[in-house]
Each structure stands twice: as C-alpha cells, then as structure tokens.
Amino acid sequence: MSEEVMNELKRDYLYSLILKNQRADGRGFEESRDIVIKTNIIEKAEGSASVKLGDTYLVAGIKLQLGTPFPDTPDKGVIITNLELIPMASPNFESGPPGENAVELARVVDRGIRESHSIDLKELCIVPGESVWLIFIDIHVIDDGGNLMDAACLAAIAALLGVTVPAKKYGIGEDFKLPVRDIPIAVTAVEIDGSIVIDPSIDEGRIAGAKLTVTSNIDGSISAMQKSGVGFFTPEQINYVADVAIKRSEELREKFLEL
Amino acid sequence: MDKPEKFIIDGIRLDGRKPDELRPMKIEVGVLNRADGSCYLEFGKNKVLAAVYGPREVHPRHMQKPTTAVVRFKYNMASFSVEERKRPGPDRRSIEVSKVSREAVEPMIFTEYFPKSAIDIFVEVLQADAGTRTAGINAASVALADASIPMRGLVSSCAVGKVDGELVLDLMKDEDNYGEADVPVAMTPDGEITLLQMDGNLTKEELKKAVEMATEGCKQIYKLQRDALIERYKKDLEEHKEEVELVEIIAESEETSIESTIDNTDESGGLNDE
Amino acid sequence: MSEEVMNELKRDYLYSLILKNQRADGRGFEESRDIVIKTNIIEKAEGSASVKLGDTYLVAGIKLQLGTPFPDTPDKGVIITNLELIPMASPNFESGPPGENAVELARVVDRGIRESHSIDLKELCIVPGESVWLIFIDIHVIDDGGNLMDAACLAAIAALLGVTVPAKKYGIGEDFKLPVRDIPIAVTAVEIDGSIVIDPSIDEGRIAGAKLTVTSNIDGSISAMQKSGVGFFTPEQINYVADVAIKRSEELREKFLEL
Amino acid sequence: MDKPEKFIIDGIRLDGRKPDELRPMKIEVGVLNRADGSCYLEFGKNKVLAAVYGPREVHPRHMQKPTTAVVRFKYNMASFSVEERKRPGPDRRSIEVSKVSREAVEPMIFTEYFPKSAIDIFVEVLQADAGTRTAGINAASVALADASIPMRGLVSSCAVGKVDGELVLDLMKDEDNYGEADVPVAMTPDGEITLLQMDGNLTKEELKKAVEMATEGCKQIYKLQRDALIERYKKDLEEHKEEVELVEIIAESEETSIESTIDNTDESGGLNDE
Amino acid sequence: MSEEVMNELKRDYLYSLILKNQRADGRGFEESRDIVIKTNIIEKAEGSASVKLGDTYLVAGIKLQLGTPFPDTPDKGVIITNLELIPMASPNFESGPPGENAVELARVVDRGIRESHSIDLKELCIVPGESVWLIFIDIHVIDDGGNLMDAACLAAIAALLGVTVPAKKYGIGEDFKLPVRDIPIAVTAVEIDGSIVIDPSIDEGRIAGAKLTVTSNIDGSISAMQKSGVGFFTPEQINYVADVAIKRSEELREKFLEL
Amino acid sequence: MDKPEKFIIDGIRLDGRKPDELRPMKIEVGVLNRADGSCYLEFGKNKVLAAVYGPREVHPRHMQKPTTAVVRFKYNMASFSVEERKRPGPDRRSIEVSKVSREAVEPMIFTEYFPKSAIDIFVEVLQADAGTRTAGINAASVALADASIPMRGLVSSCAVGKVDGELVLDLMKDEDNYGEADVPVAMTPDGEITLLQMDGNLTKEELKKAVEMATEGCKQIYKLQRDALIERYKKDLEEHKEEVELVEIIAESEETSIESTIDNTDESGGLNDE
C-alpha cells in the first residue's frame, strides 16, 4: 500500500517537473544519460559487450556455432537473439521463460540488426542448404535502470563489432572478422503528458503513456520502429522522435562505435 | 511463389490494386454465442475472429489492478491457417503481436470504470495472408464495441509497405515477403497512433508519407467498422421495433464526412453466414 | 454465488422438463439440433470444414506433410489429431496446453477415424520405413454450445473428404484425392435422471450424469465408444444408445456426407 | 512377437485360457505406509500399485468445490514398465486414462460427505501388459476402501476383446496388439457401467454380448477384491482379538452367491511380500 | 495448525531421546533399519530391484537402448539416471517435473555409480562416435519412509548387477552380462543436536540439521559425497561419518550384493 | 585442450600455482542499483555476480513459513559463459547447485528474524572456469552482508581436487576436467562445513587432508571478503565523514590474525569499474 502511495507521489512530482520543462535528473528532454561501453569482457564468447546507460547495466554475449540454414534462405547465416530479464535485475522480474517484455526487447533488437543488413549473412554460408554459421546474440539484463531497449541494442551491435568467426576451431579455414556492414542504433522516447523525452529513466518509463523506439543506420535511414505502452502518438510526434533518434544515433556512433 | 520482377506495373499492383487501395474487407458483428462480444472479419484472404469476454473476475487474483481493469489480448494462429502447419501454442511472434495489439486497443478503453476486473480479448487467425495483426485489431475493436465495453472510439488498423521503392497501402502476401519495408499502424478516429511498428528500410520522408497513407486507410476501415456495428444494432432493433427510430437518429448524428471507398461486395463465402 | 443459484434453478427446471418428457428447446429425446456443414473454407489447408451444431461452432483443418512412419507401421501414413479448447470458445476454457477434455475429444475423434479404417493409410506410404504422408487433423473449437464431440467428429471427416494430397508440390507425382473408405460418425447421448437424450445442449451436458459417444460406420458397425462423466449406464441403456446412434449416423451420412 | 496365425485353437487361447477366462489376479491391501489407503495388484503380468490420500485439503484453493469433494486420479506408467522405455511425465494417453478411470470410480464415492476436500487417487503401473487401466481401476477401488472412503460399493473392471472374429474376456498383450476390438468396462456390484470404451470393429450384437461377458468377469473380480479386503481386516483384527467375531458375522452377511472361478494361486513373487 | 503442534511435540521428543543416546525405534546411532532387496521383479526391464529400507520402499528399473555417445566420450556408453518423487509416495510430493530434491537424489546416485567406474562404459561402445548403449536408470519412489538416498543407491546398483545387455534383440551379437566392476554403496548420516545418527528415519530426517551421504567402494575408497540440509558439520564429524559409512557399506555388500 | 601428461611439474601447476595456492580473487561490493545487496567477484577466470533481495514478501503466499524467512537461491549460467553455448533456463546441474549453495549460506542467516518473508539470492555466472559454485557462494555471502541481512558470519568457499594423485587447492578448468577428484567445500569463519560435495576417488586419509586444505583456502578467502566489505563501508563513510572513525574502530577490533596470501592485483579489467 505504502508503495502505491509513494508511486502516486513520485508520479505527481515527475509530471509537475515535465510541465516546467524539467526532468528529475536535470537532463534536457533530448538528452540521454551517460553511457559506458566495454567490449570483449567475456573471453569464452566470440564477442561481448557491457553497456551502462545511467543506472541500467546489461551484458551481451555472442556465440557462433555451425548449423543448418532455414529452408527459405539456404545460402545465409542465421541470427538468433535472446534476452533474459533475470530476477537479479529488478524486483519486478520473475524466473521462468521470457515474458512479453523480454520477447519484445529481443525481437526489436533482432529486427534492427537484421533489417539494416548489418551482418552480411551470405558470407556466413559454408555449404548452401547444409551448413552455415549460427550467430547467437544473448543479452543478459543485470540491473534495470530504465530504457533497456536502447542499452540492449547498443550492447548487441557493440558485441557483434568485436566478433571473430572461429572457423579454425571447426576446421573450415582461417578465422575472420564477422562481416559487419552497418551500425544500427536504437533511440527510445516516451510521451509524458504531451511532452516527448528521450532515454527515459525507470521512473519516467513507468509514468509514460506511449513509448517509441527508432532504430536508424549509418546513412540516416530507419531499419526498425516499435511503439509500445498504453498511449498514443500524433503523426507529428512520430516524425519528431524519428528526427531526434537519427541525430542522436549519429552522435553515439561517432563517440563509441565504428566499422 | 518466387520473387516477381516487378510489383507495380503501370501503377497497378499484382492483385490489381492501386498503390493506395486496401484489399476488400468484410465485417460481421456478434457471430459467437458464448462470448460477450465478437466479430468475424475478412481482409483480403485473412480470415480472423475476435471475441471479448468481460468485464469479469481476474484469475489469478494477484493479477488484479486496484483502480483499473486489466486488459488481456491473446492473438493465436490456427495450425492450419498458414502454408506450413504451425505447431499449436504461443511462439515468440504471437507473444509480441499480442502485446502490441493490446497496446493498440487498450488506450481507447475506459479501464478505470472496472477496477479489479479483466477484459479479455481473443483473436484467432483462421487463415493468414499478410496483415493478420491489423485484421485482428480491427476485429477486436468491433468485438469490444459489440460487448458494450465503454470506449473512447474505435481503433482501425492497416499497414503501409514499400515495394519497388514505392510506398503502397496494405501489403498482400508477396509484397510482404519480398518488400523493402512494412509499417503496420493502428489509429483512433482522431488520427492518434496506437500501433506503429516498422521493419525494413525507410527514410524520414518515407516514414512521414507512410503514416499519412495509413491514416487514409484507417479512415476507410473505420467507416466499415461503424457500418457493420450499425447494421448489427439495426438487426437487434428489428426485433425491438419500437426502439428503432431513436437509434437511427443517433447513428445519423454520429456520421462523419468520411466516405467508404471500398466496395464491400464480398458479402458471401464467410465462415458464419448460413 | 448468484451464478450458482442460477445453475441450481436451471438444473431443477431441466430435470422437471425431462420428467415431463420434454427438453428446453422443444426437441424430442432422440432429436438432434440443426446442423450446418461447410467445406473447403480455408484455402491454405489441404482440407477444411466448419460445423455448426445448434449453438456449437468449430472448424477442422487438414494439413499434409511428408515425414517418417512409425517404426511398427513402416508402410502406413500417419494421422495426428489435435483439438484446442481455446478461451475464445467459452468462459470456462483457459489458455495453455490441452487439458483432459481436449485430449479426450481429440483421441475419440482420432479413434473413430483410425479404427473405421476410414483413411487408407497404406496408400499414403511413399518409401516404406522412410517417407509417408502425415495427416494433421487440427480442430479449433470456436463457440462451445455443447456436444463438442459430435461436432468435432463431423468436422474432421467432412474436412478429410475434401482433401487433395499435394504430391506435386513435393515433387512426388500428381496430386490425388485422399483415399477415404468410410464415414465414421459419432452420436452422443447423455443420461439425465434415468432418461436418455441425444445431442445434449450445453445445459443438458452440465446436468447429465453419464455421457456415451458411439461412432459408427457405413455398414452399421461400431468403431469407437466412449463413456464419460460421473455417472453410469445400465447395459440396456448402452444397447439403446448404440441403436439410436447407428440410426442417426445413417441419417447424417445421407444428408451431408458421401464417399 | 509377430501376429500369430490363429489366436484360438480348439477353444483355447495362446496362453491356455478359455475365451471367457480371466488372467490370474493377486490383490494385496494396505501395502504402503504413507498413503491413507493402498493396494498392490497383479493381473496377468500387469503389476500396479494404487494409493489413496484424503479427504485432505485442496491445493490450489480455487479448485475446491463448495458442496462436494474433488476426486483426482493420476494414472502413471513407470519408465521401465514397458518394452520401449517411456519418457517420464504424462502423455496424452495417460491423461485420457486418468480421466476415464476417475469417472469409473467417482460415481461410487460419497463425495458430498467431504465438501471443499480432495480425494487423491494415484495409480502407478510398474509393469504393463494389456489391460493396465482395468488393473488400475480394480486396485484404486480397493485402495479407496482401505482408506475408509465411504463408497456405495466397489468398482470392478476388465476388458472384452475380439480375436479371430470371436469375443474373448480380458485380452493379453498379443491379443490386444493384433485383435479386432477392445472394450474395457468397469462396473458396480449391481452391474451399472461406469467405464466403457471401445475401439476396433463390433456389431450391435457383439457389443451386447461383450457387455454380458464383461459383467461376468467383473463379478469374479469383485469377489477377489472383497476377499482381499476381508483378509486385510482379519489381519488387523488378529491384533485386536476381541473384535474379530463381530466382523466375521458382518463379512458372512454380506457374502453373495458369486463364486470365484479364478485360482488365486500366484500368491508368491509379489513386489511387497517379504 | 494441529499438524504443526504435533511436529513440535515430536521434535522435542526426538531431541530428548537423542540426548539420552536413544532413537525412537530403539536403534543404536550407528545402526540402520532392516533392509529387503528383491531383484529382477520387472520382466519388461533389463534389470530391476526393489529396496525396502525400514518404511521406505522404492523400485529401480534399468532399460538399455542404442544411441549416440556424447561428443567428448565417443567410445563410451551413456548412463542416464532419473528419479521421480511421485505423489503416491508422500503427502508432500507433488506431480510435475522433478524438483530440487528429486534432481539431487538422482545426481548423487548417478555420481556414485559413475565415479566408482562401476560400469565399464568402454565395453558398451558399439561403433565409436556413432552407436553405444544407453543405460537408463529409473528410480520410482513409492513409499517415503526417510533416507531415500541410501535406498535409491542400493536399488540402482542391485538392479544394474542383474542386467543382461539385449544385444541379440538389436541384431548386434549375443546377449552379455552388463560389465559391473564395483559396488558403490551410499550411507547417509544426519546431525541432530550435535549427535550423528545413520540411516535417519523420516522424522529424524525432518529434525536434522545437516545430512551427509558418503558413497564408498569395494576397496574402501570414496566415490561420492554430498552434504545437504540447513546445518553444518565439523571436520571431525565428516571424518567420523566417512569411517562409519565405509564400514557399513562393507557389511551391506557382504550381506546383499556381489560381483 | 587435451589431457596433459602431467599436471604438476617440480611442485608447480600448469598455471604456475603451488599445490596449496588459490587463483587470484577480486571482489567488488554493491555494484548493482536495484538489488538490496550485490557483489561482483572474479575467481581465476570465473566472473560471477550475486544479488540479494529481501527480506521481502513471499509470492506465492503458500510458500511462506510462519516462523522463519524462506531463503531462495538461484544459480544461473549466462548462455555465453561457457565454451559451448548453454540453452537458457535451469538444467539439472544448476538446480542441484542452487540447492547446495542455498544450504551453504542459509545456516548463517538469522532467518528467525523475518517470519513469512523471503530472502532471495541470485547468482549469475558471466564466465565459467572451474569452481563457479564456490565463486557464487563467496559472492552471495558478501551480497547478503551488503544487503544488511543479519548473519552469524560470512561463508567462504573453495574446492580441493586431486591431480597426478596429489591433492591441490582450487582446481582450474583442465585440472577439473581430467582430475581424479573434486571436493567443493564452504565454511563458516569457525571452520564449520556448510557445503561438502565430492566426486572421483579419495581415500579416508585424502578426504581428511582435503578438508584441511580447504579450511586454509577458505580462511584466505574470508579475509578478502572482509576487506572488500570494509572497503565498501569506508567508501560509504567518506560520503558521511563524521561517522568514519567509529567504523574504523569496529573494523579494527574485528580484525583477526589471518593474513591474505593472495595478491589481489587484478584490480582492473572488471565488469563494473568505470
């Protein structure tokens, strides 16, 4: 009960700030929290990265294995993206198979990478129809401080950029760098009482109506979008978020990631 | 079918439609006996059913919300609805579709009227072409109205896609399989967007145009949904003659200037019209 | 609580009718509800049928795929029957894997078809021990108005009668009609306070003690029976139900289905 | 074993039985310590255990019934009970067998005596020949009595089958595998049928005769069940000498004219008799 | 509630006995309950044994099948041990997949057999890397009277000792006796209020702090140990339990089991 | 790596350690924001995180204990933590490790202080070398202290193994894969053993010596755990200057004569130190 009262008070406070064009942590509406990215932190994985985005912390690990391609893409490698909201990360997460939030996060991360053609899957074919590389992207959320989506996307692509394909270990030639062709970056905004703020903190995420993630590429095009939350956007808001997201993704690419 | 060389020839798509034309849609209201509200909807070759139960008790209890109703949405594909038999039960795709579909209709429901209750929405896809989630949202919206769930308005949904570098309304199967982008959208009558997903490749400008095209599509669908509901009320009223005039007046007054541009010709062949 | 009172009242009312040789919907004890069957309603399925039996509505779809035969029947096709009591169909159905009612329905449908040798499974063998046709019978219950058993059996056989085996699609010769040799039809009766009524409505099903399904064939023989419910039958009642079921199945065959 | 050419030669079946003869049955009552009632039963090569717990609290609570006890029945096969190792856990067959077995014994239980309670029946098949469900029902019925659950009477169960076009009582494995029909039946002492399943091919006339044969078989089994229970009570009473005569009298008065035609010879070799 | 009061009383009583160097059933601290072992009780299994240990009763069945070896041991047969705490055996057991107690029991049984090299797995290889014998050890707990661990280990090895490998049935030569090289036997002790008693009854198990199982071999060496329970042992207690366990296992081997 | 010919050459192990030497260990306290207590720990190449939540409400309710807290322990390996990708979700090994790990720390928790509550401990293995369960128990113990859960003392854990017929402290991966025995142990500061598992082959005498070696190892680890916690408190106190001296005194008085023999050099390269 007291928790509900707290939430009510917090909600009112945050709303009142937004009305005054302020955010609880002093950021501007278009400003995101501090980011720290570390790569190749897990030696057992072919690629790995941790991302700290404000209070949010998660780790992505990439494992490569040989397997059979999908029947309708016999000459392409396969990407499998999985994300776990383990109960360590939040009092609200429970053990068990991924729920709808974990599934949505994994699928949006996956679409951003897949649809930007970030990974050249044709170069991951060994014998068409028989043997290709499977890329497992596993994202482990360790501390939920809000906006998991952007952190997860960032960790995934940062980890992929460091992958060496372990061909030698499987006796099929020399190791080579994973052919990464683009750097899709997701930026999420939420609507709070008519205002749009990017990179929502966990409290902002809770009081937000609708949420919109825009994943954009090096050339400024968009490869994935996802509206979620019980609320809506006007077309103008969507165009605005797309603008801001594209701009912000360029900054992030410049600062942290390169091909 | 393999990828065709071109999807649009002389401004006409493979199935004869213009770029900004929806597939035919057929809506029947109140088709089920057990459900509190229901709708059968065909959208191209998509055949979907929506049922609504509620407001009703929440099981298990700890899922109750103290001040609002819980809205639950379950999108499910019949095993035989797709080319390759689908294993029964939820997969990751249908879990995500259920989530975004719920978030597409829930903003329109006055959930605060029914604290501690559940409103359950079930969408079953009997046959899947491209666009089952938009078909399901359209049907769910009508089923909610049929169940007399208080709503701010109907939600209407359709997709915009890109083929041959051009934006087209309401992708059919082959356009979806080989197209360059897919943008399912759902909207309130006021044009507020409650569903927006996208994958593929779009520029900012294309996104803007895509949303505009979807807006036009949703307006047309909204008209069909409204017509189907009025049809249903009329049928009810024929059994209660004395009340009919009053409702006619209400229907009239609610009428907007939107005109349906779809010929709702395909009235036969449905699952439930005997 | 009020629901329980309603049920109590309804129960008393139905019992009192039965004592007066009446049923709530005016039917005779041996009379079944109206039936509407539609076939080939799902183009994506190799065969399909919907059945409306009074207020009950369900759809059966048939999919054919290539697969390996069971080790003990290497020269025979395989039938897999599945039935889902999806929560759309009734406030009493829950999501999740099939419960005991769904399993029983599927298995009795399956036995009727299998034991009548309705499908000539030997003609569905392609390479003995290696490759045969798998017939998936999937039944989707959409509106539970009582007596799902008879409707499900009817939908399954109606759907099977329309199946074309898609041999061409798999590159193994010309398409051909599924070899259907018999038309098993299930008729269900319930015992209410000593009386036997067939095709129980949902309310009759609820107040019934025991239930008996008899599936019979073109030649008047029986291929499957199933007693269920917390109650019993006398031997005389069983023989009576068998008689009525065989008669009724002949009428249904005449009216709706032929080889 | 491959299909034999004939199953009945000169009126004698492959295992030496006559067409209307049951396999030997051995029943031990009260074999388990933890359960409230239990029974070990061999029927041919079938070896089954039944345990009863209850009346006891229902978990989860929402499964309680306000005016009667909930009866639950779980039939389970040990992994090693069959030729090919069975994966642990319930499959579709055992789900169905559990359901019809429950419905075979539940009509005899005075469930109205124990509102909001559960009566749990567990049947474990340690070795399976043909007829495990009938063996399980016979054992469950005895275990219910051993648990002092108030009942209208014992349920007895056996199957009738068709081989070489002839009806025979109590199919053994090969008759079951290659036979033309299988009709498991369970009955009250008054001949009311609480279990009836059938698959294969029977005419109406054969069905009638099959039920008659099953009735005779069930009568014989009923006698064995009763004897086993009396044996058990006697053993209990030997430890409470003074009460013995009274029970003898009761047992006598309940005795019916049914005579056991089965030699209950196979008293050794059981799982539990050390 | 009354159950809890009973437990409280029972607990006090047992504690007071222990203080007087007594046990509820009159045994000495190093004395185990009566044991009855029967073998080859399930004809359908390649090997089987039931063990009665006081009030505890369980059955182990061994099935052999052909299968593929693990990649890292291509020339060795495979042991798969499973144990089910079926709800028949105790009012405390629930249906469903094995919980932590069942998993622990199965794994400790398995380790005892595996680590003692009791089964000569190399003799169970048919074609290296392709085909080996799989040994399924399935343990069915039927009556939980305490100390399931010792009974389960005993049943497993007793059943294994009677196994004939059914090579003929699979057309790969003559049947042969399973090559069993050692007889690992587990002995469990619990700590109650500072005292150590072996073979705890169910009530003793409940009030015990910590539990220790020691599995030892013919040559007196130890192949597996497992401490469980919310409590601890001193190093001296552990050495003492190991001593007693090794001695007791020799007695059991002498009395019941031989190669 | 294939099995090496010898594991110990001239008294030195393959990774340069002496037989009784632990791998380097690094401990960081309070690394997570959401958890009530947390710890990041590296032990050789093992990288594990522990988080503690609680005391908090128990869901589902029927798992409550009326007089004590329920302690739950979930040990989980990240899919990418091992050579061959691990499928997400609990397997039999992690179920057992969770159980024995809980039983290793629970004896030290004053569970009686928090009736009807839950104390949840989560251990995530980010990278697995040999000895993840001992690493997890060490981290969990520190995380419990960080969460201010009242405890009788810290639990420390390491393994002893046998290679080349010789007992060695704290097996690394290759020693674990090809060694002759593995004995993970956990201990209280007083040398009481709360975890003891063993597989392989040991004589009575070897067991005795193994426990003695583990005791020495645990003492060293205990020192590191204590130092890490004191470091953490100091950092907290620097933000609350006035209180610092008091704590210094407490820390001093608790200091024991145990000296750390491990160079805690590997202070860089951690997951969380930015």
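First chain written, first letter: the chains are A, B, C, D, E and F, and each begins at residue 1.
Rule of thumb we're sticking to: a residue touches a chain if its C-beta (ideal position, glycine included) is under 8 Å from a C-beta of that chain, and two chains touch if they have at least 3 such contacts.
Here the structure is a predicted model, which means the values were calculated and not measured.
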{"item": "Topological distance between subunit A and subunit C, in contact steps", "value": "2"}
{"item": "Chain at maximum distance from subunit B, centres defined as averaged CA atoms", "value": "E"}
{"item": "Contact-pair overlap exceeding half with A-F, pair selected from D-E, E-F or C-D", "value": "D-E"}
{"item": "Mean-CA-position distance for subunit D and subunit B (Å)", "value": "54"}
{"item": "Where subunit A and subunit D are represented by their mean Cα positions, the distance between them in whole Å", "value": "59"}
{"item": "Distance from the mean Cα position of subunit C to that of subunit B, given in whole angstrom", "value": "32"}
{"item": "Residue numbers of subunit D (touch at least two other chains)", "value": "none"}
{"item": "Topology of the chain contact graph, where touching chains are joined (line, ring, star, complete, other)", "value": "ring"}
{"item": "Going round from subunit D, first to subunit E: chain order", "value": "D, E, F, A, B, C"}
{"item": "Complex interface listing, subunit C residues touching subunit B", "value": "36, 38, 41-45, 48, 50, 52, 55, 57, 59, 61-63, 65, 82, 84, 86-91, 95, 97, 136, 138, 140, 142-145"}
{"item": "Contact footprint of subunit F on subunit E as seen in their complex", "value": "4, 98-101, 103-104, 106-107, 111, 114-116, 209-210, 212, 217, 220-235, 238-239, 242-243, 246"}
{"item": "Complex interface listing, subunit F residues touching subunit A", "value": "32-35, 45, 47, 49, 51, 53, 56, 74, 76, 78-85, 88-89, 120, 122, 124, 126-128, 271-272, 274"}
{"item": "Residues of subunit F defined as touching subunit E within the complex", "value": "66, 92-93, 95-96, 98-100, 103, 106-107, 183, 188, 191-204, 207-208, 211-212, 215"}
